[in-house]
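This report concerns only the one structure given below.
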Amino acid sequence: MKNSMHKRQAKEVDNSGFSPNSAAEGSRLLNKDGSTNLRKVGMGILQRYSVFHTLLRMSGTTFLFLVFLFYTTTNILFAFIYLALGIENLHGVDVSTNFITNFTQAFFFSSQTMTTVGYGHVAPSGFIANAIASIESFLGIITFALVTGMFYARFSRPKAYIKFSENFLIAPYKEGRAIMFRLATYKNNDLTEVNAEVTAAIHHMEDGKRISKFYPVPLEISRINSLALSWTCVHYITEDSPFWLMTEQELRESKVELMVTIKGFDDHYSNTVQQRTSYNHAEMVYGAKFESMYHRSETNNITEVNLNKVNAHVPFTFANDLETA
Amino acid sequence: MKNSMHKRQAKEVDNSGFSPNSAAEGSRLLNKDGSTNLRKVGMGILQRYSVFHTLLRMSGTTFLFLVFLFYTTTNILFAFIYLALGIENLHGVDVSTNFITNFTQAFFFSSQTMTTVGYGHVAPSGFIANAIASIESFLGIITFALVTGMFYARFSRPKAYIKFSENFLIAPYKEGRAIMFRLATYKNNDLTEVNAEVTAAIHHMEDGKRISKFYPVPLEISRINSLALSWTCVHYITEDSPFWLMTEQELRESKVELMVTIKGFDDHYSNTVQQRTSYNHAEMVYGAKFESMYHRSETNNITEVNLNKVNAHVPFTFANDLETA
Amino acid sequence: MKNSMHKRQAKEVDNSGFSPNSAAEGSRLLNKDGSTNLRKVGMGILQRYSVFHTLLRMSGTTFLFLVFLFYTTTNILFAFIYLALGIENLHGVDVSTNFITNFTQAFFFSSQTMTTVGYGHVAPSGFIANAIASIESFLGIITFALVTGMFYARFSRPKAYIKFSENFLIAPYKEGRAIMFRLATYKNNDLTEVNAEVTAAIHHMEDGKRISKFYPVPLEISRINSLALSWTCVHYITEDSPFWLMTEQELRESKVELMVTIKGFDDHYSNTVQQRTSYNHAEMVYGAKFESMYHRSETNNITEVNLNKVNAHVPFTFANDLETA
Amino acid sequence: MKNSMHKRQAKEVDNSGFSPNSAAEGSRLLNKDGSTNLRKVGMGILQRYSVFHTLLRMSGTTFLFLVFLFYTTTNILFAFIYLALGIENLHGVDVSTNFITNFTQAFFFSSQTMTTVGYGHVAPSGFIANAIASIESFLGIITFALVTGMFYARFSRPKAYIKFSENFLIAPYKEGRAIMFRLATYKNNDLTEVNAEVTAAIHHMEDGKRISKFYPVPLEISRINSLALSWTCVHYITEDSPFWLMTEQELRESKVELMVTIKGFDDHYSNTVQQRTSYNHAEMVYGAKFESMYHRSETNNITEVNLNKVNAHVPFTFANDLETA
């Protein structure tokens, strides 16, 4: 393989935040969801791990399940405590010789205490049961205070809600070729003043060792006023491009990775939101064009954007394609 | 109709985020409230639809009504569950042969459980009723945790509270004509470092097809330090303007749409807020001047801004108006 | 009075957001607390008035008092409703012939319902009392949900906490005179990347009418990295200054008003915060110097900033002061 | 000691926000945690002190302990009130001649009221006990509303979570020497568009008095796209550097302090976050190089960043080191 680097005039960047040898062979730097593909070790897990971030990122169903699990577990725990102290300290309970019957009553007393519903047909009697119940109701309030805060944080967390095309294309553009990928917002929100920034990591042999080099990938339009429909980001492959004269085979072998950052202003949140993603060489479609993903609705005179078509493309054969020398 | 495009030297913009054929004939790109006039399809509705955004945007009355509806519906649902399990499991209830009487008592027990008021004159008895009540009180707390979060989000959501004039005017300015519209903040808040950005979409015939072209509409003053009184945004129609030499008739036929973005810093929220709107050709008043909307109050020596006059204007006849050739 | 405007080369600004005739004779444009000195009329008060902003801005004591007032008033209202429905519908009440006794019991039942404490020694009986209680407990939860949100909003609202000197000085500086005012943060917070922007409004006679003209007031240093100690903002009066060659008398007669905006990044809130104030001619001290407001503590080797000295200044007599011609 | 200032061409800065004589002899300007090393006096403590900031900054354990302490103290207080009013006003209590027994029952009634659990086996009777209970339940709700808000604020407060190396190094770089320190994010969050700004405070003799001078410390790379791995900030000591030709001894005697501000965009919070720190002369390691703190994991093909190695460095001897003249 003739090293295509020599054909290129593109300037490297050294402020990508990644290092020439940061990625293992064949693995990507950024995951598809935009997080960095690395693991942090050292320091205690509690210090290193953000409980808040984790609770914020999990799905709504998982979060609700966790809260319910905590509720149940805590009640089981307190039920055992009340039993250990003597079920007869819970006034109103039908003391039974059956463990399950006693446990169940202690469990429900616990849940009535923790949620502060406190019907009172069962009530603590004596110092110890009262003290435990007093702590449990305090704990219940604190727990639900935390859950309230987390609910709000989960709901209100500014997010970009951008759907990216799964592939990037090497598409015809002007007299030559361009790298194209497409994106659209998929929620009922709009972004304004949207910027796109793309950095390419290209594998390269140096002294027999594979290292990564980083290049800016300038776009024809890198800022749009409003992301209403969809946005096809276009990098025209000119002499200044890091991809100048690279053939399909060279592109694949260079293990190219495009790291994409989209940033815009969301007026629902009145906040700047950001979403990152990455495309690697396996996600390249060489010779293809995107299809339009919107049309004018006949029935009600409104423009319809079909989010399922964000990756829709048709093959295209370059008349005089580059050949690997 | 002589195509007025030829008279113009204005440069088009290609980063409006809209496309030449994105709007259906005669319909607008931005709605009056600044949202984009399009519909997203594809992907599941749950994925595409932001419950949070929707709850945030509805009126306060609608939101309260929805919460109350949820409260009532959930209580009805649980009342049926308690009935199905046997009303006799609710200790303290006057078991009746009348369905309504029983249902009512189950409903009120449910509401006492869900709100955690738990008087206790009615209390669950036996495993199943206790279990349902335990779940219902948990659900109640979670629901009101969500409502608490939403209340805060609704209240604290940074918003610009800008009132725009309903019309834009073609008004006399210096030696010629200018496009003018006016705006003011209507709440007891101030904006500082306020920017206005205007883009025009102008319909245009190309190869017998109607397409939109987009032009920047530079303002005489596009940034003010403080939006205290009102702000009349002025675009002077010079040779560089996309509206240069366009007659009233041409302006109407070009189906011009002005897309306006106002952005400023609100020191109540310590946040940048943004509001968008759009003016279409039907909202143009050709030949008019805005009237002042503030005056010095005699009684207490304070300046009064009359928000009802934000659109107040008087007709004006141009001495040598352009005529459609 | 010789009009000093002619001596000046300073350029006016037309983007102050105020208008030449916006201020009434002798009144200021910005209040001392940075709010604009005007009144908005027109539109319904509910539309124009931001309840949230008002609740956010009032003192903590006033806010707590209002919440307590609402709690008491609502309980009185519901007490009357329960009485009207018949006190006998509240099971457990000692029905009395004394109105006060009955009212008191209804009131306390109401408060137990609204706070969801629900002891149950008094409990609703029958459809109507249960329905009212069900609504009241719902209302109680919603109210405290709102209060929770407001508490958080009040606490967490990013604010600059800047204390300004009460006066601005005409102080000696280099070979001439400078306008100086001083500021410091008074809470245990720091601001970084702090900007100051000053605009002057100067009264001026034009065609026998008093109008305001607006001038930028450039500072020797308009941005500091960190506002740790105090900051004396200095405008050196040079030929380009709007105050060039103005005598003490002219300054007073010109009814000068300095409008000051301070903006910085607060790392407690991770947010940009802003505070505005204004100085009018009555707050000018002609011929004075600020005293240092910090010193090195002997006892524990720490720098002490004395916030009470933010306005501390000593008189200074200019050797060759300007004289009104 | 020959004053090394004369060798230097570096320009001072006067907008550091510190003053030449703001630091006491030998003490630092910024603490290690980035807060300013000073004390504010004057004004009432309540005005000067931000309760919110303090509650926000304390550890989670301390915060929970304080809330529990408040809960207990308030209950003790109310228990005394109920006792003072006469324990017999609490219906359901076993009135005893033993103070402790009475107090305990009053305490638990108080806790059941404050948490709104309200079992009702003990309930207030008569006007005064009811009134106190009504106020206590109100107080309980308000307290837990505050705690809910604080929990959310504590959790959601945007923070940078950056770990800095404990030392800064004088390390070999290109043909000469450079100042280097290293940092990494230690939570499962990424920062993008990260900026570093460094200012040096250098002690200096002027007229026999020690004063501080402030210099910008430009970095080879001062902005990186993404802080994923670690970032070694490098200031190359060239002729323009304030450290040009300074020997190890001179560096130590100049009591140099490097004030570092890191700012970036955290996409969890969708917010700009900032963290400051400072390095003083005692934290300098003269002649050393940082070791790499990441490696490719063999087992699962992922890059591992070892946070414990953020300060790991090896000694290095300069071939032709500067000697103090």
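Read from first to last, the chains carry the letters A, B, C and D; within each, the first residue is number 1.
We adopt the following convention: a residue touches a chain if its C-beta (ideal position, glycine included) is under 8 Å from a C-beta of that chain, and two chains touch if they have at least 3 such contacts.
Protein names from UniProt, one per chain: A, B, C, D = Inward rectifier potassium channel Irk.
Everything numeric in this text was worked out from a predicted model, so none of it was measured.
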Interface residue overlap between copies subunit A and subunit B, same or different (over half shared): different
Copies subunit C and subunit D - rotation angle from C-alpha fit, nearest 5 degrees: 90
Cα-centroid distance, subunit A relative to subunit B, in whole angstrom: 28
Chain centre separation (subunit B, subunit D; CA means) in Å: 40
Subunit B residues counted as touching two or more neighbouring chains: 112, 116-120, 148-149, 152, 269, 271
Interfacial residue positions of subunit C with respect to subunit D in the complex: 64, 67-68, 71, 75, 104, 108, 111-112, 115-121, 144, 147-149, 151-152, 155-156, 161, 163, 184, 186-190, 192, 194, 221, 223-229, 231, 265, 267-271, 294, 296-297, 301-309
Residue ranges of subunit A touching subunit D (in the complex, touch as defined): 14-19, 21-27, 29, 34-43, 47-50, 52-54, 56-57, 91-92, 112-113, 116-120, 122-125, 127, 130-131, 133-134, 137-138, 140-142, 145-146, 148-150, 152-153, 157-159, 197, 199, 259, 261, 269, 271-276
In the complex, subunit B residues that touch subunit D: 116, 118-120, 148
